[in-house]
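What follows is chain A paired twice: with chain B in the first complex and chain C in the second.
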Partner chain A sequence: MSARSGQPGKALSLGLKHLAYLIIAFIFVLPLWWAIVSSLRPNSAIFADIFPFTPKALLPAPFTLEAYTGIFERGFGLIIANTMLVALVTMAAGLIVNGAAGFAFAMFDFKGKKFILSAIIISFMLPFEAIALPLYTVTQQLGWLDNIAALIVPSVANGLAVFLFYQFFSQVPKDYAEAARLDGVSWIDILLRIYVPLSLPTCISAALLLFIFQWEAFLWPLLAMPSQQFKVIQVGMAAFQQQYQTIWNQLFAVSVITALIPIALLLPLQRYYVQGLAGAGIKG
Partner chain B sequence: MFRSRTPVLLIAALLAPALIGLVVFRLYPVALAVSDSFFNMVRGQQLFVGFDNYLSLLSDRTFWKSMQVTFWFNLLINPIQIALALGLALLYVQQFRGVTLYRVLFLIPIGVSLPTAVIIWRIMLTQDGLVNGLIGIAGVPAQPWLTSESLALYSIIAIATWKGISYWMIFIIGGLQTISPEIYDAARLDGVKPWQRLIFITIPLLRPTLLFVLVADVSINFLLFAPIFMLTQGGPADSTNVLMYEAYKSGFIFGDMGRAMAIIVVVVAILLIIVAAQFKLLSGREARQ
Partner chain C sequence: MASLSLSKVRKSFGETHIIHGVDLEIGNGEFVVFVGPSGCGKSTLLRMIAGLESVSDGTITIGGRDVTTLDPSERGVAMVFQSYALYPHMSVRDNIGFGLRMNGMPRAEVERKVAEAASALHLTELLDRKPKQLSGGQRQRVAIGRAIVRQPDVFLFDEPLSNLDAELRVQMRLEIARLHAELAATMIYVTHDQVEAMTLADKIVVLRAGRVEQSGTPLSLYDDPANLFVAGFIGSPRMNFMRARQDENGVIRLTDYGNAEVSLSLGSSPQLGRDLLLGIRPEHFGPNLPVRLSVMVDLVEHLGGASYAYAGSGSPHPLTLEMREGRNVARGTVLETGFDPARAFLFDATSGERIR
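Here is the complex of A and B:
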């Protein structure tokens, strides 16, 4: 949208452009920023400087770390560790399971392949919420309620991840595999030695997808862990919110930690995440 | 490909874990929801009641009110989210010095989970919270964003939109990248104005991507649960009581799984009809590239 007319006009349009981007970026950043700032204030000062509004409301003054020490005293460290465990195990198992399936779909022709592939695509279009209630009954039948397996196993097989791997492996020229086959290399070796190293970017986007899915899971852990002996972060946070309604600074501290961990993963790896999802959207 | 020596066992071994997982934890629950909706629990015994759970929904005013809320919510949130995501994607793909920083900032809500976003926004939207402080600069009186019957649903729409559009933007960026720059160059030579370019070139060429986003976005919003659970519990006065929450309440608060499953089946069936209609209306008319 660049107007290439004379210097002053260009400078003006660039200035307006930056202003527009700044306003939008401000709206995106403001909630998280305010949460960070407020988590670093004493609880009594959370709503200071708001009526009437002064820019000081957006600075962490007076500064204190008491909210963070407070939430760890309430056992939030364990909740984070629990969620990490669930997310990392799901991620590792999911990469293997979905990668293998994607590889099989890309490399081989077999009866019913088209049908199964479209069923998988439909399966990831249907949000998890749609099956959460009946999945509760399945979990009950398996005897997994209140068992960590209930959080991990149902989320390992992921249609979108299968699709990402399928899409990537289909683009790899078949010559590699053919040449290796002629040399008598086994399929497993072809997969592990040639295809897995090539697919590193896809592995990263699938891993992010699986990790974030588990990190953000809310309805399912709420249902699958009725006694809440083993709490994951989103449920722990919601419970915290109901229990300590007005300990604002600790609520903010909990939110900040919950948000910063996936953001810390996403920012350096955003290229893979964006490319992976964007590619899936075009095909879908 | 390698049709002559297809290693059947290997294919089976590679596919089995993913397929078994999807069948047991995706397909089977759907079947179970349908079958459970024909039963009621009476004193610990599953009792077959046929279509009773569905028939009683027909005359159930809470259910119809909830249906109305769900539809109104979706009629607003989906067009808003998609239009904003498209606008944001158009900004994201611009090239100029400093744009990289904005791109990173645009992605921030993706890292903030919906429950986290809800907690932060809830405090921002309290009577003496930041939002009321900011509108106070313009002299607007403080609003009861989450506790008034007339505002709560719109506040939830705003929160979910803040959280959602970055995610949908990513898919639209993918679509924008497939449009060849030569088309734009040709358009510029023909003197096409930017807004004409958007309506007559970009949006038609983005049709497959927009269709995907529309379908995926509607599916998520039709089943949205976390913000309602955390913020309003369906209130005030059932003004935010969407069907998904009504089903949860039915099954897990009132212990009526039969009714809960019947609602879920109805919701998913409506969703499938909407999705099918979207495909029929939007994908057929123009050739897909």
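Here is the complex of A and C:
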């Protein structure tokens, strides 16, 4: 009796739960969805169904790809290519530099190790705005302003990435390195052939970290590239808003592409990314 | 193959001294076991020989060559780690051949050497597996294979069997003994298990707190321990110690057993009034022997071939008696037993020195 009377109540509460999930999911997805929908409308119809609001506002109607063709005609393809170049070079160089630094901190004892390690940890806690000005001065004195090196070189060494590698490498049993040393394996081979294969999730986490860091950089490219000959994506996106008028559908198209590229990169590697970051905490 | 010698070898971490001047000669082809309780420095000493720990003072020579400051790879040693240290992302084949390949040996030759080692260790069918897919004993054999292919002068084993279950330990112990016989190589083996030490060693080195307490053949240590520590450490069940004193007439008497008289033939007489301990091994008790004792049995263990009677449990000096005949002794009964003073060892209770 009680079991039967319990059934409808249970179903109701399950229904309510899922309704709540749906609403929450909707709230989260709405901005991205609205950006996608708006990028697929003609500029004149962007705000058409919002005041007053009709459900049609959530559908890409009238449908057009003119915003996407428009941004590529205005050189957005080059901006993506620029950013990719900067981000990928930073990523590759950063993996080598930060991986080697993390390995050195994990493997060797040297004078001042604790101090340098603390400095590195503090370095990634500092907000970028705090070092932007001194960094600008150094870059200027090197004559690197408006040079792509100004975008890449300061971002290669990343405190968080060093720390990530250090954390992982110091958890790998020392026996591997010792066994290899007895076999006459050089330190560089110990790093590349034993530690790197064992730390693939950490490498992927660090790579994504470096990539996204560059992908999202706005303030520094704006400062370091004053003539705006070489534009990266965040700076380029801002320009879409200012030039003559705000072309909303194009701005949305740019935002969608800017958001989708890192997502496309992150999704297949997400498993490793989470594993790398989570593992760094638990095992320590 | 090579001989090895340690001369006044010391190791300190700042003010903490781990190894206090060890002198040791190890002959060509000898199987030497370092044994001692945990923290005695035996693993540190092995790692110093391997070159994984620096030497604070003294010299290490291998095959007449001073290797004290050489890099581990230049010493001609190979080591089997307690954890095996097999590279988890490599197959058995790559694990065994890794060191050779990294030293620039041609691929075909590496293949041949790996195949040779694998067949000697019955690993041929497992060559393509990853360490994760192997049992403990198989991993152990891979680790040994990795050492063999390098054809080192000296093999070092750091507690290699301590991660295996009891049955596998016995089996691997035999394999290591067989390997030593086949390769006739110099081997140094670290363990805290005195049974492993007794069964494997040509020479046992007993270490305590960074000092060599005694070194010698297993039987010489068993039959002629230099001090209380070695007497208690070597042998299972361990040697029994009974409190003793010398009376005014120079006679040694067992204070806990009705002042029973033990007539020992000693070269030097102990100092008067010192606390003494008389050591006697469990298997040397028996009926109808010159020194008579009656003990209250607390517990009896039957192992089949022998039985052990335990007496005086809880007291500072309990007794373990091995019985091969007349084994129907029950708990709580009084056992009349005895020993031959010729089998007994006398120690100074304070300094631990043997009095001969």
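The rule we apply is simple: the second predicted complex is superposed on the first by the 248 of 284 C-alpha atoms of A that agree within 3 Å, B and C clash if a C-alpha of one lies under 4 Å from a C-alpha of the other, contacts with A are read in each partner's own complex, and residues count from 1 in each chain.
We take it that a residue touches a chain if its C-beta (ideal position, glycine included) is under 8 Å from a C-beta of that chain, and two chains touch if they have at least 3 such contacts.
The structure presented is a predicted model; accordingly, all values stated were derived computationally and were not measured.
*Asks:* Tell me the contact category for A:Y21 with respect to chain B and chain C: first, second, both or neither.
*Replies:* It touches chain B, and chain C stays clear.
*Asks:* What's your read, chain B or chain C touching more residues of chain A?
*Replies:* If we count touched residues of chain A for both partners, the winner is B.
*Asks:* So, does A:L198 touch the first partner chain B, the second partner chain C, both, or neither?
*Replies:* In the superposition, A:L198 contacts chain C only.
*Asks:* Can A:A180 be said to touch chain B (first), chain C (second), both, or neither?
*Replies:* Only chain C is touched by A:A180; chain B is not.
*Asks:* Considering only touches as defined above, state whether A:F230 meets chain B (first), chain C (second), both or neither.
*Replies:* Neither partner.
*Asks:* Using the touch definition from the top, say if A:D189 reaches chain B (first), chain C (second), both or neither.
*Replies:* Second partner only.
*Asks:* After superposition on the shared chain, which partner residues are touched by A:W248: those of chain B (first), chain C (second), both, or neither?
*Replies:* Only chain B; A:W248 stays clear of chain C.
*Asks:* Counting only touches as set out at the top, which of chain B and chain C does A:V162 meet: first, second, both, neither?
*Replies:* first
*Asks:* Both chain B and chain C contact which residues of chain A?
*Replies:* Of chain A, residues 178, 181 contact chain B in one complex and chain C in the other.
*Asks:* What does chain B use to touch chain A in their complex?
*Replies:* Those residues of chain B that touch chain A are 1-3, 6-8, 10-11, 13-15, 17-22, 24-30, 32-33, 36, 88, 91, 94, 96, 98-99, 102, 104-117, 119-124, 128-130, 132-134, 136-137, 162, 166, 170-175, 177-178, 194, 208-209, 212-213, 215-216, 219-220, 223-226, 229-230, 244, 247-248, 251-252, 257, 260-261, 264, 267-268, 271, 275.
*Asks:* Taking the touch rule as given, give the residues of chain C at its contact with chain A in the complex, in rising order.
*Replies:* 50-52, 71-74, 77-79, 81, 83, 85, 87-89, 98-99, 102-103, 146, 150
*Asks:* Looking at the complex, which residues from chain A come into contact with chain C?
*Replies:* 173, 175-176, 178-186, 189, 193-194, 197-198
*Asks:* Tell me, which parts of chain A touch chain B in their complex?
*Replies:* Going through chain A, the ones touching chain B are 1-2, 14, 17-18, 20-21, 24-25, 27-32, 34-35, 38, 46-47, 50-53, 57, 96-98, 100-101, 103-105, 107-110, 116, 119-120, 123, 125-127, 129-131, 133-135, 137-138, 153-157, 159, 162, 174, 177-178, 181, 187-188, 212, 215-216, 218-219, 223, 234, 237-238, 241, 248, 251-252, 254-255, 258-260, 262-263, 265-267, 270, 273-275, 277-282, 284.
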